[in-house]
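Think of it as A, B, C and D in the order they're written, each chain with its own count starting at 1.
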Amino acid sequence: MNANLSKIKVGILGASGYAGAALIRRLLKHSQVDIVAIGSRQYQAEPLAKAWPQFADLLNLEFVDNEQVIEKSELIFFATPHGVTAPWVNKALQAGKKAIDLSADFRLPEKDFEYWYKQKHEYPELIAKAVYGLVELHRKEIVGKNLIASPGCNSTTAILGLAPLAFNDLLGEDIIINIAASLSGAGRTLGLGKHYAEANENMRPYNVAGNHRHTAEVELSLARIKEMGRDLKSIDIKKRPIVSLNPHLVPMTRGIMVTSYTKAKADNLNDDVLLEHFQKFYQNDPLVVVQADLPNTKAVYASDRSIVSVRYDKRSKQIVTFAVSDNLAKGAAGQAVQNFNIMNAFSETEGLFLEGIWP
Amino acid sequence: MNANLSKIKVGILGASGYAGAALIRRLLKHSQVDIVAIGSRQYQAEPLAKAWPQFADLLNLEFVDNEQVIEKSELIFFATPHGVTAPWVNKALQAGKKAIDLSADFRLPEKDFEYWYKQKHEYPELIAKAVYGLVELHRKEIVGKNLIASPGCNSTTAILGLAPLAFNDLLGEDIIINIAASLSGAGRTLGLGKHYAEANENMRPYNVAGNHRHTAEVELSLARIKEMGRDLKSIDIKKRPIVSLNPHLVPMTRGIMVTSYTKAKADNLNDDVLLEHFQKFYQNDPLVVVQADLPNTKAVYASDRSIVSVRYDKRSKQIVTFAVSDNLAKGAAGQAVQNFNIMNAFSETEGLFLEGIWP
Amino acid sequence: MNANLSKIKVGILGASGYAGAALIRRLLKHSQVDIVAIGSRQYQAEPLAKAWPQFADLLNLEFVDNEQVIEKSELIFFATPHGVTAPWVNKALQAGKKAIDLSADFRLPEKDFEYWYKQKHEYPELIAKAVYGLVELHRKEIVGKNLIASPGCNSTTAILGLAPLAFNDLLGEDIIINIAASLSGAGRTLGLGKHYAEANENMRPYNVAGNHRHTAEVELSLARIKEMGRDLKSIDIKKRPIVSLNPHLVPMTRGIMVTSYTKAKADNLNDDVLLEHFQKFYQNDPLVVVQADLPNTKAVYASDRSIVSVRYDKRSKQIVTFAVSDNLAKGAAGQAVQNFNIMNAFSETEGLFLEGIWP
Amino acid sequence: MNANLSKIKVGILGASGYAGAALIRRLLKHSQVDIVAIGSRQYQAEPLAKAWPQFADLLNLEFVDNEQVIEKSELIFFATPHGVTAPWVNKALQAGKKAIDLSADFRLPEKDFEYWYKQKHEYPELIAKAVYGLVELHRKEIVGKNLIASPGCNSTTAILGLAPLAFNDLLGEDIIINIAASLSGAGRTLGLGKHYAEANENMRPYNVAGNHRHTAEVELSLARIKEMGRDLKSIDIKKRPIVSLNPHLVPMTRGIMVTSYTKAKADNLNDDVLLEHFQKFYQNDPLVVVQADLPNTKAVYASDRSIVSVRYDKRSKQIVTFAVSDNLAKGAAGQAVQNFNIMNAFSETEGLFLEGIWP
């Protein structure tokens, strides 16, 4: 193990949010990382345990402002909201630091960003430099880069469940993506819908029927796979499939289940053939488990792995795929650290948690 | 209010199960009912409160065997498992009693039953006499009948979410039905998947891709609507649409959310047009709420109403419908009592709970 | 059933809060009530279903301001926060209306109020006129009164669990009250501790060790029982027992469990003797169930009854009592309507829900 | 890091239970351990992932029978039920293996075992050799031993919350221990009370008033502290304090909250003095966090640490202590591995998880 001096000095912005806590958990045990600064507007000058009692006595840092985090760090994880993150990423890059951005600010081509996020993008030149950090599809492109746009939680899970179909030209004309998402995905901010007494024993759809922003990431990734196969580049593709992505909140703290549907174009399909496509596609991916059994979200609770499975509905000719992730793990912090590892040529799973907490 | 003598003497089989408790709750407050006998194999000779502490001091009955329930009652609710219910229904009818069956034993034509339930049906002649008790579609047919087959919880909710589309010839070639169901739907029996520590913070698909039995009820009902419009008869229809029905367990005690998808055949759709179709279709139905807002399952927690809504996804041309029920209420006991009311020409909502418990 | 004209015109302040919804649920089915106005600062001019989708189509009212509610009503339920309620109660009484106050503003003698709520009381003369509405203890005093101070949820449950011991002079020198309370008890306001992702799978103590305001109600009630026996008057008592009341939040939407401890002063106790004391004490109380079995909170979920039980720990000589309530039912709205019934000489349980929702 | 050959060959009995999964999770990442065999009656000859999907691809073992586990291992963790474990421990020791027993079979003197567990103990001579593995109190005694009796989850948490009081002679005559425990504590076996639809939104007391077996561990430990101070020996003590220990099930997957009460014997107490006693007592214990803030169970979710805090209730003179653990971590597998580390002179926290999962 290296001495502290040779470790990478890492800072975290938005460290008092859920993805922030998940980043700290992983980076604390990462053999090549020294967490040097944590940022939070709300908890400034407070010790870490004020926001996160679970870290009492484990990391002796106080929250500081964004400038200080950037100054002290060689590489910064941005777990801050979309829209406000881009300027800080720009500052970090200007100062010669590296950036892994968990927000949506650099995931999409400028036009798509402006369409889905309904705001102008102030740093379009940085979009061009950013790599879309879905490691399983962009692994080679990530190595050595300075700016990673870590994908959204729903996008990640949806793309992992559909990528082998896209790769094998099995996507039909219609693609339905039905999502069940947990309350932590809505962030550590307040809102009536997140009140325990409102959310418990309740399930509700939101941003359905073409209104969820993660739609764009999914369509673009599927288009890239069709065009480039497996080793994708983060370039724009004009001709993209259209998906209907429909999320629902379920009373869970963590976890995403994505059930996707597309109609078979041919007649020779069955469960085994489909499963084999999935197994081949992910055979070298340590963070994607392909299994014949239908997946449970609990198997990836607090785990940085996703599980995918697939079924063929002979009666309706629908190919039905299932993908589960922990939205804060493979859907956020885990994937960000996975990107960090690939950028820096560390072992892909260093600092990560492979198994889920069950029960 | 009538004196006890003129009330209908009602018995409940399977009274120690979840639908049984929900039936007792409704029939206790029904002005035209006298609960005279409750059946349970497991709790025989025990007082009601042994199985159900919530009824302590409220109904002074002990569980007895099925024969006694049938003997003492004029009308029997059967909240017993499919497969074992039919012979008891037969006995009741032979003895001149009326039957409302919450099991699946008389919901389907003989062939469909044998295909989906993988067993021979011993009383096919009774199937012919049974009315499929989805009141909103079969109201006129139910009046005065002796045997009602009360629909399944998933079927009820799915059909209510799709019926206005079928009625207005808006169903596309492909129909996807994505279901999230709660743990009470799995019954009061034991199983590892129902253990709190396994089910909490967990979501998992089951019986997907053409393997869920409620599929047949949905397809048959949609076919009947296409053929007969609104006032359906419980007859077989050979030509039926095929749906892909895919249920998932979510960590909730009660509630079903059904999200259905079908592609628009024409281009002139929008949210308002669709909503109007729904409003017209259900304008005289006291137990179906049509609303523009997306529905929450909590709004029907312990309520005998369903809520439906609809959206048009312009990008993908998918019509997306949402329907929520309490699986033990409109999905089981509430609907059974609604059938009881229609059979006997009582007010449709007598004994029922209209509003949900929130929070 | 009376025609509408002869019903009591009832208004509800704070109708967009949890106790407000529970009041509407009960008053809607109350045969002697016409709900004429509902107040809410936050939802003013919005229809009821905007705040409470579960009531869609069931009560055609919009939220109005407090003045209008008072003006239109003969009797007003105040489900508004302590501190701000007293002036409105004063206005209502000045205008000749009756008031049932679910807040803490009139439950305690002036000095106690100022000590525990750390604010001056502006209407001490009204405190003198208010009756403490724990019906089981003050039933006779409530009849015909104009101002009822409906007790707190924790206080109600704790007092019901200890009253038979106080009545039979079985309270030892030390009295420990350990409380587990649910998230709805914290109100429909926002706070990080109520966020689903913070509250779920979490339990935490709060306001312990002499810091919970409900302590005063419990001590005063136990003192009154010692002095007056069963038919209490809402007068001050100087000499009171001291209790240590310690609440904890548990991840439940509804429900309170109070476990109380006091050491036996004599040696001749056992479970049966204690149970008999409890049964005798509550023999004429339709909303208190005494049972030998240990109680579950689920048996009173959405029910207006409390369940109490008692055990004698021979080894330690501790008398351990258990009491469960739904904090929004017997702990709030149910008890308020129970008071309404007693005030007006209606049946004590009119409009109430006796059995709990299980599952 | 050592090569595999120099690692300790470890086996786990009861590996398909909850403590078993938690042991695998810790031992998988333990630098000095090679898991060589896992035992399960129920899953025999099945791969690990059949019982535990979260470990898919992470440990390539099948479940075998107990004999094989013992034969292949140098040290065995016994996560099997009390009563059936002792004979297997005996076999393991006879074969020269070391044993860490998570069951209750060797925690108590023979007489106490027979009183509380209502069965004869067949291996009383092994009780004499067993060390009670509450590391914070028995650390020195554990080093180099062959048989560790790892404490119960409730006992561990209760003792940690009271030990500093016992050590400083602050325990009054009466000691009340109020426990809230989670559903995983009831094991991975079936039972109606563990059904999600019965346990969710429900809280219920069980084995109260002198009927919970963990009582004996607590009383004996408090007696030992009084007699020996801090470095305890696992010997019998006749004169013991009597506690009233009262557990309740709460709807959580993991976690224990213990709230304990004892009356101050002197008048000079306050929060600060008490807190200082706790801080001093645990100053060298890496798995016990002492904090001024009241503890949350979530801060130790999946963590091997306990958090303790204390308050003085001036009004009632009660000292109130709070202790939280994850019943499967510090309450079971984490403590067992902590014992393993101390036995073998490894770092005390090797293989353990210090921080909790939040949210």
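We take it that a contact is a pair of C-beta atoms (placed from the backbone, for glycine too) under 8 Å apart; a residue touches a chain by one contact, two chains touch by 3 or more.
Predicted model, so just to flag it, every value in this text is computed and none were measured.
**Q** Count the touching C-beta pairs: is A-C or A-B ahead?
**A** More C-beta contacts join the chains of A-B.
**Q** Quick check for the class: compute each chain's Cα centroid; which one is farthest from the centroid of subunit C?
**A** A
**Q** The A-D interface: which of B-D, C-D or B-C repeats it, judged by over half of the contact pairs being the same residue numbers?
**A** Answer for A-D: the repeating interface is B-C.
**Q** What's the distance between the Cα centroids of subunit A and subunit B, rounded to whole Å?
**A** Computed value for the inter-centroid distance: 39 Å.
**Q** Find the geometric centre of each of subunit A and subunit C from their Cα atoms only, then give the gap between the two centres in Å, rounded to an integer.
**A** Computed value for the inter-centroid distance: 47 Å.
**Q** For subunit D, which residues are shared contacts with two or more other chains?
**A** 18, 184, 188, 197-198, 200-201, 251, 253-254, 295-296, 298, 301, 359
**Q** Tell me, which parts of subunit D touch subunit A in their complex?
**A** Residue positions touching the partner: 18, 21, 25, 28, 52-58, 184, 188, 200-201, 253-254, 289, 291, 293, 295-296, 298-303, 307, 328, 354-359.
**Q** Going by the contact rule at the top, pick out the subunit B residues touching subunit A in the complex.
**A** Contact set of subunit B toward subunit A: 174-176, 178, 180, 197-198, 200-206, 208-210, 215, 242-244, 246, 248, 250-255, 257, 259, 261, 263, 294-298, 301, 311-316, 318, 320, 322, 324, 359.
**Q** Help me check something: in the complex, which residues belonging to subunit D touch subunit B?
**A** Within the complex, subunit D touches subunit B at residues 18, 182-184, 188, 190-192, 194-201, 251, 253-254.
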